[in-house]
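Take a look at these structures.
What follows is subunit A paired twice: with subunit B in the first complex and subunit C in the second.
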Partner chain A sequence: MDAVLNALVLIGNYIVVPGLAYGSQLALGALGVTMIYAVLRFSNFGHGEIMSFGTMLVIMATFAMQDVGISISPLPTALLALPVGILGAVGLCLLIDRYVYKFYRQQRASPVIYLIVSIGTMFIIGGLIRFIIGPKDRNFADGERFIMKASAFKANTGLAEGLAIKTAQGVTVLTTFVVVGLVFWFLNYTRTGKSMRAFADNEDLALLSGIDPDRVVRITWIITAVLATIAGTLYGLDKSYKPLVYMHLLLPIFASAIVGGVGNPLGAIAGGFVIAFSELAITFAYKKVAAYLIGDGVLGDGLLQLLSTDYKFAVSFMILVIVLLVKPTGIFSGKTL
Partner chain B sequence: MKKSIALATAAALFAAPAMAETVKLGVLLGFTGPIESLTPDMAAGAEMAMAEASASGKFMGGSKIESVRGDSTCVDAAAATATAERLITSDKVVAIMGADCSGVTTAVLQNVATAKGVVMISPSATSPALSTIEDNGLFFRTSPSDARQGQVLAEILKEKGVKSAAISYTNNDYGKGLADSIQSNFEAVGGKVTISASHEDGKGDYGAEVGALAQAGGDVLIVAGYLDQGGKGIIQASLDAGAFDTFVLPDGMIGDSLPEAIGSDLDGSYGTLPAAQGDGVAMFEKLAGAAGFNPGPYAPQSYDAAALMILAMQAAGSTDSNTFKAKIMDVANAPGEKINPGELGKALEILAAGGDVDYVGASDVELIGPGESAGSFQEVVVKNKKITPVQFR
Partner chain C sequence: MTALIGTAMTGGYGGADILNGCTISVESGEIAVIVGPNGAGKSTAMKAMFGMLDLRAGSVLLDGEDITTLPPQHRVQRGMGFVPQTQNVFTSMTVEENLEMGGFIRDDDFADTIEEIYNLFPVLREKRAQPAGELSGGQRQQVAVGRALMTQPKVLMLDEPTAGVSPIVMDELFDRIIDVARTGIAILMVEQNARQALAIADRGYVLVQGENRYTDTGAALLANPDVRRAFLGG
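Right, the complex of A and B next:
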């Protein structure tokens, strides 16, 4: 019995707990991408940098608060600093929309042009971030580091394997749950949310029924900026903040949105967890799990690892290719790209 | 016609070894990148030797030495090569103190230094591959090869009763060379290496890498990486997941910023760094304190690298790399008067008079074989969030 429990704890410690946290962060990111796609009808490559920009402001506000001694220990101070980052990111998105995307909307540009323009905004925001805070790795998590330490778990249960849960992981999952709930409530039950869905479904009909397109676009950017800042801050708390890493996040986030069905909010969330758990489960070495379940050395001396961890990002690519080949609309039947 | 004669005369005048000129030495270190927390002290060490020789007034008839700093980035071979190129062609340095990390050192040596015929003395490149590289006699290092560090680490592991170990190394020449050396030496003394896997620097999350290491298991985790980069990430993720609690830290991981970043969980971990025994160390620490910098890892080797170049130039009576490169082994090794840190003035005087010196310096310099330090190592342990020396090996 202990052997089975040990195997389960191992999987819990190295796949389930990190997967839930990483999946939540991807889901929030993918939700932003999918909203922009649904309403504005283009893939926003600048999304990773918007996350990074919001997080940067949160970090600066966190450091300022730490200096004057404000803290909400045992929770990380960054949660208190979130509104600053959100306001900044919203401002940035609205500015970019006003001075960049609005021009192309008036030109009735094709989606490909939007996509290239969004790559341009990505580089500009990226440059701005490196100009303001620099390219260095920054750790801004404070407060209590663990909800449960591996050693404490071992001592309490008497098992040979430990299960660790970091505060950042707990905060991530809870926050994501609340935020996603709010977004769905907003989309389904408020007048503005309904008008956004109508606009996404059929732009012409929505215009005919008197929905103000500029307002819908503004609200979409605001929600995207909020989601991006929260996702970025949670990722930074869980791991650490580094501009380059946020740029690389774009791939798993897009994979999540597409796997779930781009343009479909529910799909973005499911996609986030699918990508996160696949990355972890495929690159995990199952040697010890097998040792607990079927005996040590039965399957030889190998690590029982499907793919080296160096190829973690390749997993996102593989899933992306398979989904596009088999079911181009994604799991939840979003739009085709 | 008159004009061209005048020009030719002027040119001849400038070409002649003028008395009391300014000699420029390049300091090529990774001021940005994975070891950026170590390089300021290393540069300060090298520049202290230059200032000392300048102040003595005895270097090449009263010449002054000027340092020109360049960023090697430690990891980006293209950037390091471009910087070295700039130091030599536009800043006109006569020799380079550097580079620091093995990969960029190899690149700079092959692409720039041998092509331009400029001497390079690295204080910290430790890859075994640099022992056999084609260098036209231009490359030296004041740190020992990792082949030796692997032996020392294996001895320590054996004495501590470690039976099995997992190795995680940074994916470059330094990490791979060191990991291979540790593995072969540890297996030779009867230990078992459960896994030797690479990690990439600069990632946000090392949970997956640690997952694989934890499954392979082992009494300790040997982290052959960089303290400001993936090495720190691996240790943090291992502690978070409760995968390992004792870490073995080779030279690239030794620095005060690591225990500061990780906290008391790192206590009890141990490692090695190249260090010298003898009076030189204490003298160097005193000098560094007076000059206002921390005598951190590789700062003594940097001082010695710069000092060796200065003494060799004095011995050869020339700042031309192809002339003074032959003198470096002579000034570093016996016979001759022993020279400690702070005694560069005395050494310059002896050399000017045609005498012999045996430079001991801050890191007990003894160059062997292809011009690298014979290598004494210090065993260190992390105690109360501080790197504490245990004994010499």
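Right, the complex of A and C next:
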């Protein structure tokens, strides 16, 4: 009996808890990508860098707050600094839209041109970030580190394996829950939110109904920037902040949005968790779990790991290829790319 | 009085003119129908009256006011409603949300307008919480008309409202359209089903190559042997 429990705790500690946190971060990121796709009709490759930019500002504000001794311990100070990052990211997005994307909207450019333009914005924001904060790894998590320590779990349950929950993970899941709830409430129950859905659904009819396209675009960027900053900050708290990592995050985020159905907010959330859990489940070494369940003796030297963690991005790629082959509209039937 | 009149309209989408000086008008509470062969410029004439096409010559008057140069969105605010032929509902949104979006430009409380529309189209009340994309063709057209009615327009323009629906549904839609006209709204529509449309029309226009060929009451056009032979299949 203890063996089964130990196996379950192992899975909980290495797949379920990190998967929930990572999945939440991907879900928030994918929600931003999917909203831009739904309203502005292009895949925004700059999204990872917008996340990074917002997070960078949060980090700088966090460091400033730490210097003057402001803290909300046991919670990380970064939560208090979040508004600074959000404001900065919103400003950046609105500026880019005003001086870059607006031009292409007036030209009625094709989606592929938008896509290439967005890659341009990605490099420019990326460069800006490296100028301002540099390419180094930065750890800005403070406050209490764990909600539940592995050692405490072991002591309380008497099991050999421990289950640890980091504060960052708890904060991530809770924040995502609240933010996603707010976004869905906004989209489904407010006049402005409904007008955004109408615009995404049928642009011509929305114009005919007197919906102001500029306003819809503006609000979409604002929401995207808010989501990106929160997603980026939560990811940074959980892992650490490194500009290059945020660029790499783009792949699982896009995979999440596409798996769930591009343009469908609910799909983005589901997709985030699908990608996160697949990535963790496929790169996890099951040797210890198997040892608990079927005994140590019969196992060889292998780690029982399907794929090395170095290849974790391959998981997103594989899922992406499978979804595009089998169900191009994604789980929740978004738009076909 | 004449709610909407397009006089001597001439224009096209660049290149050759599609409209060659055609004149179309509709009175409050009346139904006017534009019929004619394919490529006669029926839909183009209606789009021109809604401002979706720049006129090279001619004018459009709404309630006696010149609106020739006004863009479509402003015409909606002045009291014109337009139901496009295709993609005329928000498919992912519920029936009620579709109606709310129709009333987007209104700042006042439009709950009673929604109620009126439900009275006009009772099936929509039943389906109010269902996404419009899940409805049948005829129900969708009712949503589309309902959406356009939300601004309480003086003139409602319908581009082939019965395209692609069954004959039974077509009859029902025409009945509903008559009901709408009875509320005092001027209705202008383009129809492929010329015979049935003229049967409910107070006024019919037969267009050929962007010009008025015959203009009369619906009944008179239906009785006219030339019109019957050339345009109504005998």
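Note that in this section the second predicted complex is superposed on the first by the 334 of 337 C-alpha atoms of A that agree within 3 Å, B and C clash if a C-alpha of one lies under 4 Å from a C-alpha of the other, contacts with A are read in each partner's own complex, and residues count from 1 in each chain.
We adopt the following convention: a contact is a pair of C-beta atoms (placed from the backbone, for glycine too) under 8 Å apart; a residue touches a chain by one contact, two chains touch by 3 or more.
Because the structure is a prediction, the values reported are computed rather than measured.
Undergrad: Check whether A:S333 is in contact with subunit B, with subunit C, with both or with neither, and answer first, second, both or neither.
TA: So A:S333 meets neither subunit B nor subunit C here.
Undergrad: Quick one: classify A:D204 as touching subunit B (first), subunit C (second), both or neither.
TA: second
Undergrad: After superposition on the shared chain, which partner residues are touched by A:S240: those of subunit B (first), subunit C (second), both, or neither?
TA: Touch partner of A:S240: subunit B, not subunit C.
Undergrad: One more residue to check, A:A164. First (subunit B), second (subunit C), both or neither?
TA: first
Undergrad: What is the contact status of A:A150 with respect to subunit B (first) and subunit C (second): first, second, both, or neither?
TA: First partner only.
Undergrad: With the two complexes superposed on chain A, say which partner A:Q66 touches: subunit B (first), subunit C (second), both, or neither.
TA: neither
Undergrad: Using the superposition on chain A described above, determine whether A:S195 touches subunit B (first), subunit C (second), both, or neither.
TA: After superposing on A, A:S195 lies in contact with subunit C but is clear of subunit B.
Undergrad: Taking the contacts subunit A makes with subunit B in one complex and with subunit C in the other, which residues are shared?
TA: none
Undergrad: Touching residues of subunit C toward subunit A in the complex: what are they?
TA: 72-73, 76-77, 82, 84, 87-93, 97, 100-102, 104-105, 147, 151
Undergrad: Please give the residue numbers of subunit A that touch subunit C in the complex, ascending.
TA: These residues of subunit A touch subunit C: 191, 194-195, 197-198, 201-202, 204-211.
Undergrad: Looking at the complex, which residues from subunit B come into contact with subunit A?
TA: 171, 195, 197-198, 200, 202-205, 207-209, 211-212, 214-217, 228, 240-242, 261
Undergrad: Spell out the residues on subunit A that touch subunit B in their complex, using ranges where they run on.
TA: Interface residues on subunit A, with respect to subunit B: 13-15, 18, 22, 137, 139, 146, 149-151, 153-154, 162, 164, 166, 235, 238-240, 242, 244-245, 279-280, 283-289, 303-305, 308-310, 312.
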